[in-house]
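The first chain written gets the first letter, and so on, giving A, B, C and D; residue counts start at 1 in each chain.
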């Protein structure tokens, strides 16, 4: 069953939209790769993590379409991060403050 | 279905209730009816409850003598570990959420079933498979690390079946996550028309808050056990001190789950009691919205307090202070709930059937347990009493005094609805009082032994603690009898109990509007909700001024 | 020893802990009395069919009342937190000139070593009214140094040194217990703390076998730490012989050759899996955290004394 | 609407509500997965804080080319999965496009596993498996590789489950057992797949980037 005639523009719009996001992700990957070789001390480590956060925001908001989802779905997505950050913060309050 | 039928005017064709809707074993093992799955869970956790109980009876007998007389230290360690693992993960965590939660959540919100029925059955199979595997591992070889699996003992020094036990608990963790996801989706998506969030019964709120914890805390338990398995079985060092590993990190990961887990165990009990006290006091619950915010606060802040288990573990003084402060804060919602239950009795028409006796027992014991928690939240006192029998008494007051009493309260309160039978009331009252007395005889002496310095998990102990252990073991015998009684007369009522009416207690709630036992799809009509829960009397009045339709709701037959 | 309900307060810290404990006990007793009393009162007064007044609910029993007791509870708990944490903070750091004692916990015994080398197993003699600072480390799993009479407890974590301090305020013998589950004989890992008047302590200390010179110390360690089990000439374990080792060139498993000097011996003791001698299995356990530098020096001195051969070039 | 009745499941009466519940359910499950992998990331962070130089030295030993290519492969698989999910979403009947993209996603997933296999083999040859014959002198480096082997294999298991789910979808859609348009299973599988990709996005800087600059 060949694709119906009028689906051509939808397919093209679908690919262009997602290819742009994909290109951005690839670019960020390269930046993080190159960034790792520049000796900036702590900033080098931080750059890797920050770029990873940027890439995952792209995937979550655009590929997973969280940006257009209902508030309930966004709440579910954020709930995990809230308790995760609390876990990190309180555990590090022990690890970093040890005598 | 025609509207007339929907509106319920026309007589319905006789159809079997969910119990007799297909009675082959396969219809039970492949059911996706949440009510049948609840009964499967009820049978499963009863078996685990008595298995765990048997283990601790042997331990209590052993502790009669300060130097032990029945068993070696090794088998003593395996028995208390068995008691811990089975009671925590195979009885307490699934007990109220998976039995009453499964049965009542759809009924209370007016839904035909849970959101993902097949996932619900899969959760039960996970639980039963993991349970059988773990019990076999614990009986065949046993594990002697306690239910806490502290490294480096569990990962490097224990030569018992740590891998098998940890794998069993790892799998049952996923059953817990699946049930949590299922209940959260059900509460959000399947409420009857008119059932807004603040018209939900408090039991539904309790199960919802518990499910949030189950979903968000259990994965971290899976990771902590996975790390122990990885280090022990695959030689991947994470906590090996010789190679720079940090055993305290395991405690952080483990307690990040295990403290919210104690709220998984107690929040549903609070929900059950919040249903029972208004019904038998014939009064609206006092401060409904405060009770809801208190439950959500307990679920939320429950994630930030785990460090009070580690005040002496060598964590930084700053972390101890932060965790101590947050532990004091979380005591506030629990205090609010106790005050609200007590205030709900004011100006009521109180009757004392067995569910009410269990519920009042819960309030009493939970108050004592909660207050002893204050001692453990203040660092200097906790440094002295942690890892002693004071802590053992504290959490048994909340787990056994609280959750198990509420479990029996719910068992008696909803027994007519679940089985369509009436249980013998006088036996039930006797069992309730015996359980309250036996419980206090067992665990009150442990507070003293703990403060005087008797450490927990001791096979042989200094002779001066013998008096407390003898009193505690005697109490445990009374408690054991009190637990066996309901097993007896409830089973008896299944065959000889009188037929139960649609609403024997005259309680509010959608589950009491459908027949006992309910039809397979819960309701023969689409229920609509137009009033707040616990509508026992008009707003602003006190009990005894029931609206007319509530007065005669107490059908005798 | 302790009577039915009370535990001797044998350290300065114990008094503060007991004050907080009794305050909490009184507060809890009051709350339990309030809650149980109210429940009993309401149960009797408002039992079904009783003639107590019902009718409209008094307005005061409303939202403000509830906010009132919530705030009251919050403030009480905040006060409790302040009292408890200030007590905790004030007793955190050990006084500067405290008497330092090393404690080593290993599966199912406590080994204590005083400054002058006197050693005890499952016992610790301390002077009265003098702050004692314990530096603790574990050889295997997590143990917990717990003296109920002093109200002190501190986990002893392998791979890390933890410490506590106390100042005994009563003479006598007080039980020492292990409070963190550490295996089969966890309940047998007990000892006693003997608090003596300072002068008794002083001459008790002198009567203890002094730490001997390095070689004898090394010899004793060579046996007590279990090295002789493998490395002694008579042992049947396949392990390198140490006689005449010092100064000789040693062929390693990965082909390198090193001279057996102090650094080599030290690394082989602490990181036993790193430079494995050719033809031997890496079965030697690591002693990191178990031997302090002094002990390693005495061991090295002892090994050096095992017949120095002229270093062949 | 024959498609909808084919997809309607117990106990739902309204299909849109069922889809919304399915989407909400998978997002709640992804929140639990966030904490699952988050706890592993916390273990890494704590061990790295306690042994910074050993972790940097160990990170230098990992093969960055395998890591980078694998990240690119997984990002591309996220692209094809997103196109498949959005294609199933749209009312233009794009059945062949959706099936093609799903197959591509599964193949990219397999490619990732194959590349991972080669990398594992190379790591074993370089004696990077913690234990007796460990290559690096720093003992805490064994913690890094303890974490490395554990987290990459747990991630690979999650990825294999994803590949199995996508494979089943392609099989079911090809045999026309289920319609493509608005099929909730495609949406749920896509969301799960994206999570597995996000986990790897975070693992990449933790495992492959440390120690490159010094």
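Basically, a contact is a pair of C-beta atoms (placed from the backbone, for glycine too) under 8 Å apart; a residue touches a chain by one contact, two chains touch by 3 or more.
What you are looking at is a predicted structure, and each value in this text was computed from that prediction instead of being measured.
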item	value
Central chain (by mean CA position)	B
Leading chain pair when contacts are tallied as C-beta pairs	B-C
Chain centre separation (chain B, chain D; CA means) in Å	35
Whole-Å gap between the CA centroids of chain A and chain C	46
Residues of chain D whose C-beta touches two or more other chains	20, 24, 28, 31-33, 35, 39, 42, 46, 50, 139
Shared interface positions of chain A, touching two or more other chains	72, 79-80, 83, 87, 91, 95-96
Which pairs of chains touch, using the document's own definition	A-B, A-D, B-C, B-D, C-D
Chain D residues touching chain B - in the complex, by the definition given at the top	10-11, 17, 20-21, 24-25, 28-29, 31-33, 35-36, 39-40, 42-43, 46-47, 50-51, 54, 130-131, 139-140, 142-143, 145-147, 149-150, 154
Of chain C, residues touching chain B in the complex	1-2, 4-5, 7, 13, 16-17, 20-21, 24, 27-28, 31-32, 35-36, 38-39, 42-43, 46-49, 52-57, 61, 63, 66, 69-70, 73-74, 77-78, 80-81, 83-85, 87-89, 91-92, 107, 140-142, 144, 146, 148-149, 151-155, 157-160, 162, 175, 177-188, 190, 286, 288-289
Interfacial residue positions of chain B with respect to chain D in the complex	32, 111-117, 177, 180-182, 184-185, 188-190, 215-220, 222-224, 226-227, 230-231, 234-238, 242-246, 249, 252-253, 256, 521
Chain A residues touching chain B - in the complex, by the definition given at the top	72, 79-80, 83, 86-87, 90-91, 93-99
Residue ranges of chain B touching chain C (in the complex, touch as defined)	73-74, 77, 144-146, 148, 150, 152-153, 156-158, 241-242, 244-248, 281-282, 286-287, 290, 312-314, 317, 320-321, 324-325, 328-329, 331-332, 335-336, 338-340, 342-343, 345-352, 360, 363-364, 367-368, 371-372, 374-375, 377-381, 383-384, 386-388, 448, 451-453, 455-462, 464, 467, 540-545
